[in-house]
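Letters A, B, C and D mark the chains in the order given here, with residues in each chain numbered from 1 onward.
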Amino acid sequence: MREAIAEQVHDGDAIALGLALESGIPFAAVHEIIRQQRRDLTLIGPISDMAFDQLIAAGTTARVIAAWVGNVAGGSGYGFRRAYEQAIPRRLVMEDHSNFTVGLALQAAAMGVPFLPTFTGIGGDIVRNHPRIRPIEDPFGGPAPLAVAALRPDVAIIHVQRADAQGNAHLWGNLGLTVEAAYAARRTIITCEEIVPEDIIRSDPNRTMIPGFLTTAVVEVPGGALPSSVQGHWRRDFEPFLDYHRRSRTADGFEAWLREWVLDMPDRAAYLQHMGEAAVERLRVRDEQLAASANFAP
Amino acid sequence: MREAIAEQVHDGDAIALGLALESGIPFAAVHEIIRQQRRDLTLIGPISDMAFDQLIAAGTTARVIAAWVGNVAGGSGYGFRRAYEQAIPRRLVMEDHSNFTVGLALQAAAMGVPFLPTFTGIGGDIVRNHPRIRPIEDPFGGPAPLAVAALRPDVAIIHVQRADAQGNAHLWGNLGLTVEAAYAARRTIITCEEIVPEDIIRSDPNRTMIPGFLTTAVVEVPGGALPSSVQGHWRRDFEPFLDYHRRSRTADGFEAWLREWVLDMPDRAAYLQHMGEAAVERLRVRDEQLAASANFAP
Amino acid sequence: MTAGYTRRELMVVAAAREIHDREVVFVGMRLPLLGFGLARATHAPNAVGLFENGVIRDRPAEAFIYTMGDPPNITGAIACLGLLDVMSLLQQGRVDVGFIGGAEIDPLGNLNTTRTSGSGSLVRLPGSGGGCDIASLAGRTVLIMEHEPRRFRPHVDYITSPGHFPGRRRGGPSTLITTLGVFDLSPTGVRVRTLHPGVTAEQVRQATGFPLDVSDAVQATPPPSTDELAHIRRADSEGFWTRRESPANPLRTMTAG
Amino acid sequence: MTAGYTRRELMVVAAAREIHDREVVFVGMRLPLLGFGLARATHAPNAVGLFENGVIRDRPAEAFIYTMGDPPNITGAIACLGLLDVMSLLQQGRVDVGFIGGAEIDPLGNLNTTRTSGSGSLVRLPGSGGGCDIASLAGRTVLIMEHEPRRFRPHVDYITSPGHFPGRRRGGPSTLITTLGVFDLSPTGVRVRTLHPGVTAEQVRQATGFPLDVSDAVQATPPPSTDELAHIRRADSEGFWTRRESPANPLRTMTAG
């Protein structure tokens, strides 16, 4: 994780993460970015949950391009609010989107086109004087849509259930904007529950959401998305979201939280240890509800 | 099959089929359309293989919107050529596309936008004076792309491995433009190898390529895509493609082929019987190469 | 708690009644989710629910979910697609009704969940999520709000989710369900449909930050039936969404997402 | 068959040499498919192959395939996506090199697979398939053709797959591999790179329907090595693609699709 972030994430980069919305948020990578003190980042995502709030409050972030920034469990993201309302710890530029427009912006980059048309947002303030959204005519004479300009992240960070050593990644459950962002991004970091032999991936090519030639780093980090959920691996852990919500209400509270859960943790293994074995085991999915078999024999 | 075609496919309809390209071509439905003597159809698809050729030669078709019409095994589609070159059995209007532009046209309809931009085809004749493709400006000042107008089929016909009674359909292997067409079409007919209990579908919601509320008819037709392949169920049968290629070289030859394989066959069961049990069994996939398990337990 | 049910339970019932059988519903979390489950269990057994993260369900999750991305909402879903797939279905016009919440509303049904200076100083709210998309693209929308004067404003500071405006292509807010009553929304403004049992016209006028014509003769919101209540309590067995009446509940400012 | 290998085997080797290690290749069927497999097995072990139906492979199928949609091409693939997914990767510029065939070609590398009156009467060909897309969007394209005078025309009747033209955004045909030789293509036209062993300059001039400067001093296409040949013959054990030299072979008019 340490090397992947060191190599792939640079000061000033635009980073897409939290793309599956409330699940599979790559917190291990987020915390490593904070530990490595990246600066002037742009964060891109639909609904970021508290990952963006942590990155903002830790001072890594200059700009956010997102549809919703907060803490799904607690509502407001206090780190986000402090930055936006009071420029603490630094000024934050916000590019507001809806889930659809940020998705279209990523998809335009994924498709290699300058923009995609849409009818969402017309009549509202998101699309008014938006740096990435402009009115456009329908050349076929129909009602005029809006054009959402392509948005190409420098890096997408994506947590999946399994990948092979080449970075071919199987992901199931929530997808959100994961695929669009991986296609759009210049570099893609895959964090995964397990690195598996390539035969596992090849047994189900329709499950490969990210082909390995798009992946620039793959890291095995079991539990790397906790406290968010990972289908078939981890339940959502509610309490850390509420705890973060309470403690991040003040800048001092945030600093204490940050020290405890990020700065004092050398890596994700330490984080899991700090959670405690009982907590980890309580969240681990042990039941099996397997996908019905699909035969790929030729 | 008979009732599904009677209810869902009308004279003058625009029908999308052959969407997964060379596999899963819904020949059972194609032959039923011919038996029911539909007229003035528009056929929509990327690479149609001999399904379009048969529909054209049988006189059902007024117009084709496609990227490639022929017989992948044999090259030329003689029925298509007779119609295009000599208006036999009737005049055929051809709207030429590339695979990408016909896909974008369907995807525009699927997305509910009037057009999608692209850079494909610039400098070539497909996009010149095309009824569905026009130059457009990039409102953000970049190079000017083309706009491909939305194309909404009246019906999409799709063959899948399994569906439940509500039409929620699992499809694996080749996808091509299947999903885009099902989303774009006003009505969707699913033909499937088997209708399964809904629990099978729900065990793997990421495998559901077509949600049932888009499906207007679901028909169990094992072998309904033969002689094309169906991953995990049927190998491709090469000989019928070559046989059709040889026999369709003349209009009379086509008529004899049509009588033998379509008009004299009341339904797909009769078709399989006419193939002969040995042939059917030779094509049936008996090996198992199952997708690696994916756990959906919460 | 009034007459054996909470206001929020009544709001769930009102939400359920906005869903007709066979409709495709863009479901939000919390009360709309419970309303969807209730509608399916009663008068709309063939309704289908879409979630903006890509999930399509024809029945609620079997275990409690806190977010639409929680694993029980995926397990047993009909389909789990991408965000753009369900947004495309929405933009195409395949969604009959969508539910949205907001922090502030104006008489045209414009919702603000982005930023407000209503209380004097600038407060940044989380943003649209999918709210703007549902408001823009669904066949009609049902809005769910806390009924407080500071939330009902003549003009909102920021229109996150557009309400009625001239030239609207489709849809718009049709119904507003609040903690005090149920209201019809149209391009001409807000009209009271029913007030919740025990709520007076004066109370509503006081709680609405813009002029609203309310007569004392308006009918009462039909209370939940025993069956409806039983269903809601099975679905929200801890009363997590339906009984927390505290104004400090931070969930209130969440979007539908 | 010349010197222990067929022309088509030589063409496969020439195609393989157009693929560099780590490149992303839009693979066609037939000779390019064999070329991709050969390149992977020799000098380009990390090349990745995309097929327009959505398949991504890093090694050829284990059984013979007749179309890119045949089941063995899916079994063991890295990924099986939709057509638009791979076309998007192509349009984005993620594909280094694509292979295309055509029925007719002009000196700018424009290909026609749509319709021709070259033989006097109108002949309808199958159309573009993905050929136009690969020609328009790949980082560079390699064209594979039968070298016959009626196919090499000063101007093609219909430009299905655009070659070089002023204002081209990206790419364009870089190499033409024919039954007679290997040629460089550029905005300034066709230049001979090598002629296949035994082919004379005069033969090429005769077989090219537009003026072409060919010197007798041009080098010979390097023949397949023993290893290369062994690999090709394992991959195409029936000689299905590599030994059918009959001009009646109907497959010749197929596009890359």
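As a convention for this text, a contact is a pair of C-beta atoms (placed from the backbone, for glycine too) under 8 Å apart; a residue touches a chain by one contact, two chains touch by 3 or more.
Because the structure is a prediction, the values reported are computed rather than measured.
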Can you list every chain in contact with both chain A and chain D? B
Give the fewest steps needed to get from chain B to chain C, where each step moves from one chain to a chain it touches. 1
Name the chain whose C-alpha centroid is most distant from the C-alpha centroid of chain B. C
What is the distance, in whole Å, between the centres of chain A and chain C, each centre taken as the mean of its C-alpha atoms? 27
Expressed in whole Å, how far the mean CA point of chain A lies from that of chain B is 37
Mind checking the centre-to-centre distance between chain C and chain D? Centres are C-alpha means, answer in whole Å. 58
Mark out which residues of chain A touch at least two other chains, giving numbers and ranges. 112-113, 118-119, 143, 172-173, 175, 179, 201, 206, 231-232, 235, 285, 289, 296-298
Flagged in chain D as touching 2+ other chains are 55, 70-71, 74-75, 80-81, 84, 90-91, 137
Considering only which chains touch which, how would you classify the arrangement: line, ring, star, complete or other? other
Show me, using the given definition of touch, all chain pairs that touch one another. A-B, A-C, A-D, B-C, B-D
Give the list of chain A residues in touch with chain C in this complex. 20-23, 46-47, 66-70, 72-77, 80-81, 84-85, 94, 96-101, 103-104, 107, 118-126, 143, 172-180, 228-229, 231-232, 235-236, 238, 245, 285, 289
Spell out the part of chain A that touches chain B in their complex, as residue ranges. 112-119, 134-136, 138-140, 142-143, 145, 147, 149, 161, 170, 172-173, 175, 196, 200-201, 203-204, 206-207, 231-233, 235, 285, 287-298
Under the definition above, what is the set of chain D residues touching chain A in their complex? 24, 48, 55-56, 58, 61-63, 70-72, 74-81, 84-85, 88-94, 137
Touching chain B in the complex, chain D uses residues 52-55, 66-71, 74-75, 80-84, 87, 90-91, 110, 114, 121-133, 135-137, 158-163, 165, 167-169, 250-255, 257
Taking the complex as given, what residues does chain A use to touch chain D? 109-113, 166, 168, 179, 183, 201-202, 205-206, 208, 211-214, 296-298
